[in-house]
Amino acid sequence: MTRLRLSLDLDYLVTSPHADFVFNIHAARTARQRLLHEQLAVSPSPVTRIDTEPVSHNRLLRVHAAAGPLHVSYTSTVDLIHHMAAPSSLAEVPVSQLPTAVLQYIYPSRYCPSDRLMKLALREFGAMAPGHARVQAVRDWVHGRITFQNNASDSSTSALDTLLSTVGVCRDFAHLMITLCRALSIPARFATGIDYGADPALGPTDFHAYVEVYLGGRWYLFDPSGTAIPMGFVRLGTGRDAADVAFATIFGGVISQPPRITIEALADDAGRLVTPWHCPQALSTDDGPEARSDARPAA
Amino acid sequence: MTRLRLSLDLDYLVTSPHADFVFNIHAARTARQRLLHEQLAVSPSPVTRIDTEPVSHNRLLRVHAAAGPLHVSYTSTVDLIHHMAAPSSLAEVPVSQLPTAVLQYIYPSRYCPSDRLMKLALREFGAMAPGHARVQAVRDWVHGRITFQNNASDSSTSALDTLLSTVGVCRDFAHLMITLCRALSIPARFATGIDYGADPALGPTDFHAYVEVYLGGRWYLFDPSGTAIPMGFVRLGTGRDAADVAFATIFGGVISQPPRITIEALADDAGRLVTPWHCPQALSTDDGPEARSDARPAA
Amino acid sequence: MTRLRLSLDLDYLVTSPHADFVFNIHAARTARQRLLHEQLAVSPSPVTRIDTEPVSHNRLLRVHAAAGPLHVSYTSTVDLIHHMAAPSSLAEVPVSQLPTAVLQYIYPSRYCPSDRLMKLALREFGAMAPGHARVQAVRDWVHGRITFQNNASDSSTSALDTLLSTVGVCRDFAHLMITLCRALSIPARFATGIDYGADPALGPTDFHAYVEVYLGGRWYLFDPSGTAIPMGFVRLGTGRDAADVAFATIFGGVISQPPRITIEALADDAGRLVTPWHCPQALSTDDGPEARSDARPAA
Amino acid sequence: MTRLRLSLDLDYLVTSPHADFVFNIHAARTARQRLLHEQLAVSPSPVTRIDTEPVSHNRLLRVHAAAGPLHVSYTSTVDLIHHMAAPSSLAEVPVSQLPTAVLQYIYPSRYCPSDRLMKLALREFGAMAPGHARVQAVRDWVHGRITFQNNASDSSTSALDTLLSTVGVCRDFAHLMITLCRALSIPARFATGIDYGADPALGPTDFHAYVEVYLGGRWYLFDPSGTAIPMGFVRLGTGRDAADVAFATIFGGVISQPPRITIEALADDAGRLVTPWHCPQALSTDDGPEARSDARPAA
């Protein structure tokens, strides 16, 4: 078990009479990602509302703010009780056995046009045996082909652009890995968290984007950018791609400051400190099939 | 109330050892779209499974078929008890008041990149008063600009392509209308049904794509292609765009025949026949806010 | 007649062992753009070469430079003896009457995909009488729709992107106007010069991009960005679009400084100073049909 | 020497009052492609005109036709006196040594966006020694990656699309090879001819697209589609890509019939018949540096 404390401070200046914000900055609650403590402060005190999306369990904070400064502060302490598995034990799930709620993650999406990379995916990975090793090969291929470069992409950059430009930030690595997995009919989704363990040379602690792949009935973590330590990822949101899980979606005239973020490992109640490390086991913070009603196998 | 009977016959030849199909051909069940009778036959008898997606209520038929012919036959009888409203009574819902489950329908999606048409949408419709009349103006603008043309588009055609080429099929009309609505922060979604009332000169009865727009707390029907009669639309699926609600998604080697489809109005139990007509009222087959737990207004 | 003196100072640091530069910074020589004086200095003294492209008459300076700093300084004094015409006298030239060398300017090119804007061009301008007034209407439409914004575009931005984003720099205005003209079968080409008369608030004097349209047998100047004074444009290069006439194309590792540019009106030999002004006449610095052997009308 | 006779018959129906055609169906005249006999018939007798483009030497037939049928018939007998070279003797020409007229062929163009494939080209071919063998490796890579498929592309298909879809016709193979060469700063251009020696199973004799690459001071033939025999290619036109050298560009309402084309080898005056064969020598029909005034080496 790993105990982590994260804090986010977001500052905005609303320049129109009102602005609406949809934040996805709350840690998701799952059977394996337990919230011990959580505190939210929004000032000045505008109308707010917190909802949980029914399928993804993403928690959305909605703020309707008047002109002037807006400050959002969020802290939480989270216990990650990872499900761990030997990679060699994890099989791909045939399409016919996929839970219906998982199906959408083998379809193309805006930034992940997997229908256009089928030939490439088959040529590079089609001859490999299905399973975790093949997914790891996709992850390593993306990691080896793409070079991390700040500001390399914008809101119109798809996985195809990244494949051709060969540069990107974590979100672009994630989109390309997801696209290749889906082109092989392997469910893959986009996840957001904090870049625990990132090299300070890349900049201050920031939001992170990584990948979850559905293997053996659970969603396992992969970090194709290789810039952080998966064992320290606290999941904020999951979706088909970045279009689904922006940490802030804004309607109105707003000037944004860079977020200030911290994340640190804490000792647990028994005083034991488990600092995340690059563990060779496959990791999942998913509820798992035992907790999901939608995971019924095909009749 | 309108009673309709629809029948679908789909024929395939599976050329690989196995193939998987995900069909979205069942009529959705809502408080206002009631199924009196329904029959499905799949032959030869492969492994099948029917699931309902938790949020959209789309019903998915999954078939795992062996090599050889596959025949799918579906018939149902449906009562449509439309919610009707005077168009002038229908207001747009401010972003801050939108139910969380509706939020995704103001975001860009694969075929509806609304972030790229904001300027155009504001220039054409930004000065109009919010409400049903503005949405109708968007619908009429699309209907007037785009010309129906069979085979005008393929699976890569986005609303931007349609805007520039000015030709399309019903799906393209729908994508462009949805994109413009979202660019104005009006929730809009893609819906599939059967083209009740279509001119036989356009071809045999076929699947249809149209638009539902969220106004005054409900989803109302719009048909930007103008090729059919909205009162006769039996909803099969809804989603962000065509990427979400293909009537058939196929994995494996398969040769497809054109679908054979019929739809007709029936007399109700009292012997009264209501044939769908171009009604000036706004129509909804949605459950409506009274039935949805997610529609809680912002605190 | 207008006499102008321009000076360009370009500074680079070559970081690879060698680098090659292709500059298009020399004023073009035409019957109506006469060079009184011209001076080029390149230091340290690398291998250089100046060629004139056979059709466009663009003059290309090629430099093969070793690692280290490179300084290029160019000054020239130019007399512009504009051909002036009453706009109402200028007719469009039917395709069948276009000189063969002009034909390429009605075809699509990389940044000007006119085949994709035919419907739009016909809808907006198809009903207008052919002639200068229609071209002016295209120019005004572009000027009215697009807002000048520094850094709004990059090397991948086509006229379609500009049409949708509604922002751009002079190059983007030019691409969109060219694209619409070609969609109407009116020859239009991309021209580069210096932004004589630009508002200092837009930044220091810089390279400029504008449009030349073929009307009545000559190429006439149009400035869709409206940021400078056409009578003061000294033509450096012309081509189908920006892909043809970069002021510097660089092969190798090079760090660039912003160019330092001046342009000013001088008194002529008789002591008369004609400062460029927003003249209502149509202006051309082209050789004109009297000087071109390729302008033979169709038999 | 190879003597070839080709014939083209083109049939159109003009449905608008008039239509303009620009044909590029005449064999180019070069020092190594000599025309013994040539005949053109256009009926009914409309206004026609034949021009030679100054740089490319492409010969353009322009026809201004009235409503009704139009028939164009062209036959010619051509002697190809190929310049032949041992591939191993052919060096790439450094950018600093390229003739100015050749420079445009290392720049991106509409269908050949070489700036977007630089990373891929460097990764695949950057470590190879410059020269003919590297160009042959590019040709073989394209030939191996792309599968010939009729109707696989349309007028919007760029080399990037072909790279991703992995299917195409001869024009698409040519665009991708050109793009990769330019990304390596190797001049490459698009050439059109007749598909001498094509497998009849691919369809009737048709126009062909292939590639010319500038090596050792000349343009050498490459056929990345591998569907025909380069020694039998009679050059019609060359340009930056297909946008420059359509065999017919049409303005107006016109219905086209498929062209009817023949090409055959003839015995020369001495009665000797040289049938084109897959010769291992590098072949050029270019005038060569001895005939070009623009080929002056850099000072």
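Order as written gives the chain letters A, B, C and D; numbering starts at 1 within each chain.
Just so it is clear, a contact is a pair of C-beta atoms (placed from the backbone, for glycine too) under 8 Å apart; a residue touches a chain by one contact, two chains touch by 3 or more.
Chain by chain, the UniProt names read as follows: A, B, C, D = Transglutaminase family protein.
Keep in mind that this is a model prediction, so the values were computed, not measured.
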item: Distance in touch steps, counted as few as possible, from subunit B out to subunit D; value: 2
item: Least hop count linking subunit A to subunit C through chains in contact; value: 2
item: Angle (degrees, nearest 5) of the CA superposition of subunit B onto subunit C; value: 180
item: Interface with more contacting C-beta pairs, comparing C-D to A-D; value: C-D
item: Distance from subunit D to subunit A - Cα centre to Cα centre, in angstrom; value: 49
item: Whole-Å separation of chain centres (CA-atom averages), subunit C against subunit D; value: 31
item: Residue list for subunit B, restricted to those that touch at least two other chains; value: 116
item: Touching residues on subunit A, where the partner in the complex is subunit D; value: 116-117, 119-120, 123, 145, 160, 164-166
item: Subunit C residues within the subunit D interface of the complex; value: 18, 20, 22, 47-49, 51, 53-55, 60, 62, 64, 94-96, 100-101, 103-104, 107-110, 113, 115-116, 155-156, 185, 243-244, 249, 251, 294, 298-299
